[in-house]
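Order of writing sets the labels: A, B, C and D. Residues in every chain begin at 1.
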Amino acid sequence: MKTPQHPNSQFPELARLVTLIDGVYAVALTLLVLDLKLPQNTDLAAALRQMLPGFLVYLITFASIAGYWMIHHGTFRHIAHGDGRLVFLSLLNLLFVTLFPLSASIVGGHPLEPLATACLSANSLLYCTTSWATWSYAAANRHLLAQKADYRRLQQAERMMLLVAVGLALAIPLAFVNVYLTYAIWILYTPVVGLWLRARRRPSA
Amino acid sequence: MKTPQHPNSQFPELARLVTLIDGVYAVALTLLVLDLKLPQNTDLAAALRQMLPGFLVYLITFASIAGYWMIHHGTFRHIAHGDGRLVFLSLLNLLFVTLFPLSASIVGGHPLEPLATACLSANSLLYCTTSWATWSYAAANRHLLAQKADYRRLQQAERMMLLVAVGLALAIPLAFVNVYLTYAIWILYTPVVGLWLRARRRPSA
Amino acid sequence: MKTPQHPNSQFPELARLVTLIDGVYAVALTLLVLDLKLPQNTDLAAALRQMLPGFLVYLITFASIAGYWMIHHGTFRHIAHGDGRLVFLSLLNLLFVTLFPLSASIVGGHPLEPLATACLSANSLLYCTTSWATWSYAAANRHLLAQKADYRRLQQAERMMLLVAVGLALAIPLAFVNVYLTYAIWILYTPVVGLWLRARRRPSA
Amino acid sequence: MKTPQHPNSQFPELARLVTLIDGVYAVALTLLVLDLKLPQNTDLAAALRQMLPGFLVYLITFASIAGYWMIHHGTFRHIAHGDGRLVFLSLLNLLFVTLFPLSASIVGGHPLEPLATACLSANSLLYCTTSWATWSYAAANRHLLAQKADYRRLQQAERMMLLVAVGLALAIPLAFVNVYLTYAIWILYTPVVGLWLRARRRPSA
């Protein structure tokens, strides 16, 4: 994370940005659980059963945030310098990380309502779009990249974010056809895209 | 962030202070969302509509904290050493970061009451004042600065904080004339000040 | 935490993973307390007395998380490089850290119900199992280890996690015999395993 | 924070411990505000007035935690190596940091009840006692100290913690005489002790 000072940049090093980002991801991952509260007006076994849909939403959201963090981690290390625009895009991206606990809470309370699932899909969609913008901006400004930056990795992260965004954009109207289609996209689509891109990358390496 | 040991200082390096500061900003940015709770006694579409004013306040507060963090990040890196007074001023400044979730919650619950908006304006005003005091103190104690510190950047941050503070001080009485004037100041004034100072700086660079 | 770049790895350094992990532990340790709320419909002395079982559960959970963190800290430093699978296992492991506030809250509300204690036992059991998987994976992939890695430490952490997992697996059915047996395992078993392994290690050192 | 490897220690470096500690302080400082909720069943001006006692308790607790963090920061940097016991004492110390939001909440709800103030005094007292134990342990195990450690600083921190602990121990029974005596100790005693020790240190420097 230590980078040589870049004289023309206002944010010559990114260590603090990374600390803030990791802090927000850590808090968001941990706050998700605050939405899961045991119902009080019933016996424990029934209360636990009532919590199941919310718990499933919790698992989906945790997996999404954790997966997004993995992509961020694997990509951002190829960026060595910042400028105002990169920091702005990163903070805009963080906005949609902090919204996940709210979106998850809306879906957890109304797991079968298309409108509720649309909130979480839109949240993820906006996260992916701003991620894509961040990687595109960095890729187009090579003086921001690390000396040994793997340029293909940035392009791959861009492509990944676009593909996931397309899936999430489809999940919004599909929920009004059948809400389980949205769940299928959330649970299956993103890992499949990730694994497919990973498989494609290997031969060229 | 690594600095040579300064023998007369009790806080020769600032890494831990920066970690604490970034931690508090990260938690504050993420806690804001806990105030947004879906109303239960209505259908989902109406409940989402009822959340809109609170959501707007959320966006304004997130943008404020994120913007203040950007200024802190761009300025604090010119300070290399600490002393008791600098750490004290930084912690006082953090107090007003931790209060943002409360002020935002007061405005979110009463978005059109001048007294509520005055709470958030006063919170921002006190943040800016203590920020200004921090930058002034560092600028007046050059042995605290980094070797290649950009002195003008500190002066610019001081001026920025004073100008924003003046706007926020005006926002408090103006809310009692028309509460939307306060919203106009929150949404328009700070970015305009920031962009204007940035534009002014460029020619002199 | 600084490691030489490992060319074939997608996560050549682990600093950010460690930051995320420590952030999640820090937030989880601090969020636990949010479940302790003073009952309002009684005088203060009675309210404090009513909080006692929840407070005991708080202490047990804090001690568990803190103890798990100590083991993680003492073990993970022997790992120098990451790959996708190690990061995946670490994030899966973190899932069960973020669930502790929920499990503790379930037990705090129903301290004498076997089903409630089974939730916290299962949570700890899944934490230990994924920890064990992490240490096993690292031990089986020596190119991930630090140059001067103490291989026995990894094996010891594996064994520790397996032994604790066995105890927790027994705690689940035993709670239905007598719920205090579960408390005995929580409070006594883990420290005894830890101290016993520590004592065994010394002669061989 | 970078330290040469100490072969006999299980925790040769303390960077992760410091990250965890700073994370817990940051979260605790920010969570305090969650206890301040605007009363709903009254007009805004009256609701704000009702919040005042809780707000004062918030300020006192924030100042306490921030002050304790300053002492920790100024002292812990003289410790370079860890062992199991130092880490254990540090985590025990952290337990009492995480309890501050609860104690503050009890006092905020019952600001004039001696029993409530006793909870916060006891929390601070236990924090100071475990801090004192940490500094004493490090001072008695010089191989844990940094090469250029200022030994007097550790002794001063020990003395500070003992003196504050004595004041807090007196605050518990004095609250049952007159609860405002406890507030006087909280607000006046600790800063006076701190400034007095600081003044005494200077001539000897």
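Assorted remarks:
Definition applied: contacts are C-beta pairs under 8 Å (C-beta built on N, C-alpha and C of every residue); 3 or more make two chains touch, one makes a residue touch a chain.
Computed from a predicted structure; not experimentally measured.
Different-residue interface: subunit C and subunit D share under half of the residue numbers found at their contact.
Fitting subunit A to subunit C on Cα positions gives a rotation angle of 90°, stated in steps of 5.
Note on chain placement: the centre of subunit B and the centre of subunit D lie 26 Å apart, centres being C-alpha means. Once the centre of each chain is set as its mean CA position, subunit A and subunit D turn out to be 36 Å apart. Contact with two or more other chains is made by residues 19, 23, 26-27, 31, 34 of subunit B.
Those residues of subunit D that touch subunit B in the complex are listed here as 1, 18-19, 22-23, 25-27, 29-34, 36-38, 40, 44-45, 48, 59, 62, 66, 69-70, 73-74, 77, 148, 198. Interface of subunit C with subunit A (complex): residues 5, 10-13, 15-17, 19-20, 23-24, 26-28, 31, 34, 84, 87-88, 91, 94-95, 97-99, 101-102, 105-106, 109-110, 113, 115-116, 119.
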